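Both of the next two complexes hold subunit A, though its partner changes from subunit B to subunit C.
Presenting the complex of A and B:
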């Protein structure tokens, strides 16, 4: 069998506080095959963005750094690459789209130049060639009137258009892996679907694998091949998308799915279903299962004994002492 | 854009008018009599009275103001009470040395301070950061005359690389002129290096936190390119502001430096004219300085628009 495009094993990311290092992400392992779309799902603070930044080598080393594990990408460990080798990969083999299109583009540089810059940096292309490739890329991401738009500045574009520009910039050199960190969260609902389907189209067209980070299960259903659910810095469940929605093996996943199903069939007078309580703060030490205090199915042991991330079916993993069915949500 | 410039320049006229009126009356309020100064310590009261009549200083204030304002409106600044030379000519001769000194000082300061501030922000705690903050403290606390003598001693008296004093006019060659101004410009620039380095550092620190800087890194750009193309340009607006204010302040005359290095500039002319109660010259100088501020401010605003496409007039 061919090696996966990205193989993350036992990733731990820690926050430096004085002398101590507090882990925010514990023992995280996952793989992405070439051309595949993996969704990383979790609430804010579950460690999903930090994981993405670690893979890009963009963590601020004064605050956060990977303290264990490896991330093999095209035969190299991303966590151990020297900075200049990592820089050569960034924007070239691995690219990233960020959450905030409003602030992620340089306000004083024409968007065409911002796209062309990536091409020139990695390929040494002439300014004129890079410029015309930038226009082609704007066409590719369906920015109308690309030639004129390339001469404009970010403030002259809408949020959706800016996110398209970010995507054009990311796919400029046909990267093998595109990391998208909540790419639609800051956009209007109507634009969200357009941007998602753009990412999905590009994935098929260019064969780019996608690691999509989101807290929105709606987005997951739209685009994912497989899903990895994070809770308080740990993987709690991983499965192909259909399996996950049909037969979740972890009460947290089950509760998330139930709450969106409930929203879809929402009737007047209904109360919103929520998962009671909140996630432990990032870095807070929890001995057992971090979800135990909010879990309707928790056993007395759950709070003290950490369940393994265990295979439940050929492609299905979960970290829970219990087994389904998990009918009702929360306590 | 041109319309905006025209409006800005026209709106400066009433400002300058108010300055002119204010200056006229302010000068009449300070004690001291130009006639007395011109006549010298041993003149008889009759002689002083004669001079006063000749200079029309014996006329009522209102009459003198109207006469002065009418002449000013026709572009005539009058003659120096002291030397009788037309004010325009007197001031005109003094502009070049001061302009050259100010320009050179600002160029030195920017060339040193901007990289210093950039590196200090980028590598906080590094040796550049610590060194530049030391320079900043020195720059703020050492008076210019001390810095001047600290430079003159080794570089002019010791190594004899530069003249101790004096100004070589531009007409004798740009290089000779710059050479004669090197020490005074260096002495003056220390304060501006301190100021500009601190402002640059603060602005860069702010920009480094921006999302688009992370985007630039995510594109795999070289560190230097991220700093120059993405960080520095976005940090430029506050830097341009202090450079502009500094330039205007330098043109407003640097009395001490010009005196130490015997540079025949506007600063010394201002100080001398005030001591002599040479009203027409002082009035003309203050109007000139006000005009400089208006023009420099306009220039700074236009540079903003060139740096940041979101700023449009």
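Presenting the complex of A and C:
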């Protein structure tokens, strides 16, 4: 069997507070196969974005650092790479797209030049070739009138166009893995659908694996092959996307799915299905299952005994003492 | 049904350019173009549209944070736009607001209880003992435990802060609350809590909501009526259920089709709409949606479609509505 493209084992990411280190992400393991789309889904503070940043070597070392585990990518441990090696890999074999593209684009450089520069730095292509490749890339990400647009500055573009430019830059060097952190969250709904379908098209055309980070199960339903659900810094469920939506094995996942479905399909006079309470603040130590205090199916032991992340079926894992059905959401 | 809020021909224009001494070419942007609606007591009108459609400007005009260029706002039968000084201050009690990011609009140095009491102090309502009782009652009403009264906003979760924002908005017993993207920043598991709370509060107090959102999926539950805006104008308005079951404007249809799937089996093959919203500074002739419209015909380029009724309470601004209905 071929090794997966990315193999994360026992990842722990900790916040430095004085002398102590408080873990925000605990014992996280997952794999991504070449060309696959894995969605990391969770609410704010669940640890999904710091996981992405850790893989990219972009954590602020004064505050956050990986404190255990490894992340094997093409034979190297991303967590142990010296900064210069990581820089060489970043943008080249692994690229990242952020929620707000403006933060990653140079405001005073024409977008065509920014893309061309990326190509020249890594490939040593001539200026002229890089320029024409930049236009081709803008074409690829369906920026209309690419030749003219290449001469514009980021502020002249709409949010959707900027995100396309960001994606063009990310795929410029044909990375094996594209990490996209909430790439459509800041976009209008009609544009969101366009950008998601673009990411999906590129994945198929270029064979790029995608690690997509989102809080939105709707985005998951649109694009994922497999899904990993995070809650309070731990994996609570992992499954192929259809399985997850059809037969969730964790009450949190089940409640989220019921909640978004109910919003689309409620009867007159219904109260929306809600999950009571809130997620523990990041880094707050919870002895047992972090979801127990909000869980309609919690047993007395759940608050003190942490359930293992166990295989429930081939390809389907969950961390819960209970088994479905989980019909009614919340307490 | 008594009308508590009425917008009549609300219009907001901004002037761009002009350059030094007005020598350059001036352009006028119609951010909001002749928008009219009414909201009844205890009812919810949702204004939905993408960024730049003018929905936030409407909210600001209702709250008198932005002066309209034309048109007026009637609050409980009185022309709110004309009020000045003490009269305005008094009437402001009746229209309050809840925003997207409660952290940004709550005073970070005030305790939760002080934040909720502030409108009572500003409007000189109740005596100190009465204020304290009112604050406790508001905490109960929005589901915040009284133990949180001494906390600072930063020590509350996002959902708790939004509850605080709602308690504050309710303090002066308003007739209308303008809620601008009130649940947009909340996590899915919290969003339903806040939508339920807004509904409960409405039943208890009879407050009307002008609920502004970019997200059609979210407003479906809370709305009695929905107005869809595109580039400054309302293009369709209908009772909530009818809008989802029989959307008449191609833009409304696209918005509905853009709601993300709730199961991978309903995955979309392609995006519902191509292209982007044009700049409000360069409105196309005729229908403002025609450049992205799958049904645009010759008339759309020359004539701006007027709003017309197609069913009770259901109006649409589209030349080709019948085509749509026949097309299924």
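Please note the rule applied: the second predicted complex is superposed on the first by the 324 of 331 C-alpha atoms of A that agree within 3 Å, B and C clash if a C-alpha of one lies under 4 Å from a C-alpha of the other, contacts with A are read in each partner's own complex, and residues count from 1 in each chain.
The rule we apply is simple: a residue touches a chain if its C-beta (ideal position, glycine included) is under 8 Å from a C-beta of that chain, and two chains touch if they have at least 3 such contacts.
Because the structure is a prediction, the values reported are computed rather than measured.
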Record, for the superposition on subunit A, whether partners subunit B and subunit C clash or fit. fit
Thinking of the overlay built on chain A, is A:193 touched by subunit B (first), by subunit C (second), by both, or by neither? second
Partner chain(s) touched by A:43 [first = subunit B, second = subunit C, both, neither]: second
Touch check for A:271: first (subunit B), second (subunit C), both, or neither? second
Is A:309 touching anything from subunit B or subunit C once the two structures are fitted on A? First, second, both or neither. neither
According to the contact criterion defined above, which of subunit B and subunit C contacts more residues of subunit A? C
Considering only C-alpha atoms, give the closest distance between subunit B and subunit C in the superposition, rounded to the nearest Å. 7
For subunit B, which residues are in contact with subunit A within the complex? 210-212, 214-222, 225, 229-230, 233-234, 307-310
Can you name the residues of subunit A that touch subunit C in the complex? 43-44, 158-161, 188-194, 196-197, 215-219, 221-222, 224, 241-242, 245-246, 255-257, 259-264, 266, 271-276, 278-279, 281, 294
For the complex, which residues does subunit C have touching subunit A? 50-51, 157-160, 187-193, 195-196, 199, 214-218, 220-221, 254-255, 258-268, 270-274, 276-277
Help me check something: in the complex, which residues belonging to subunit A touch subunit B? 56, 58, 87-92, 95-96, 98, 100, 103-109, 117-118, 121-122, 153, 155, 166, 169
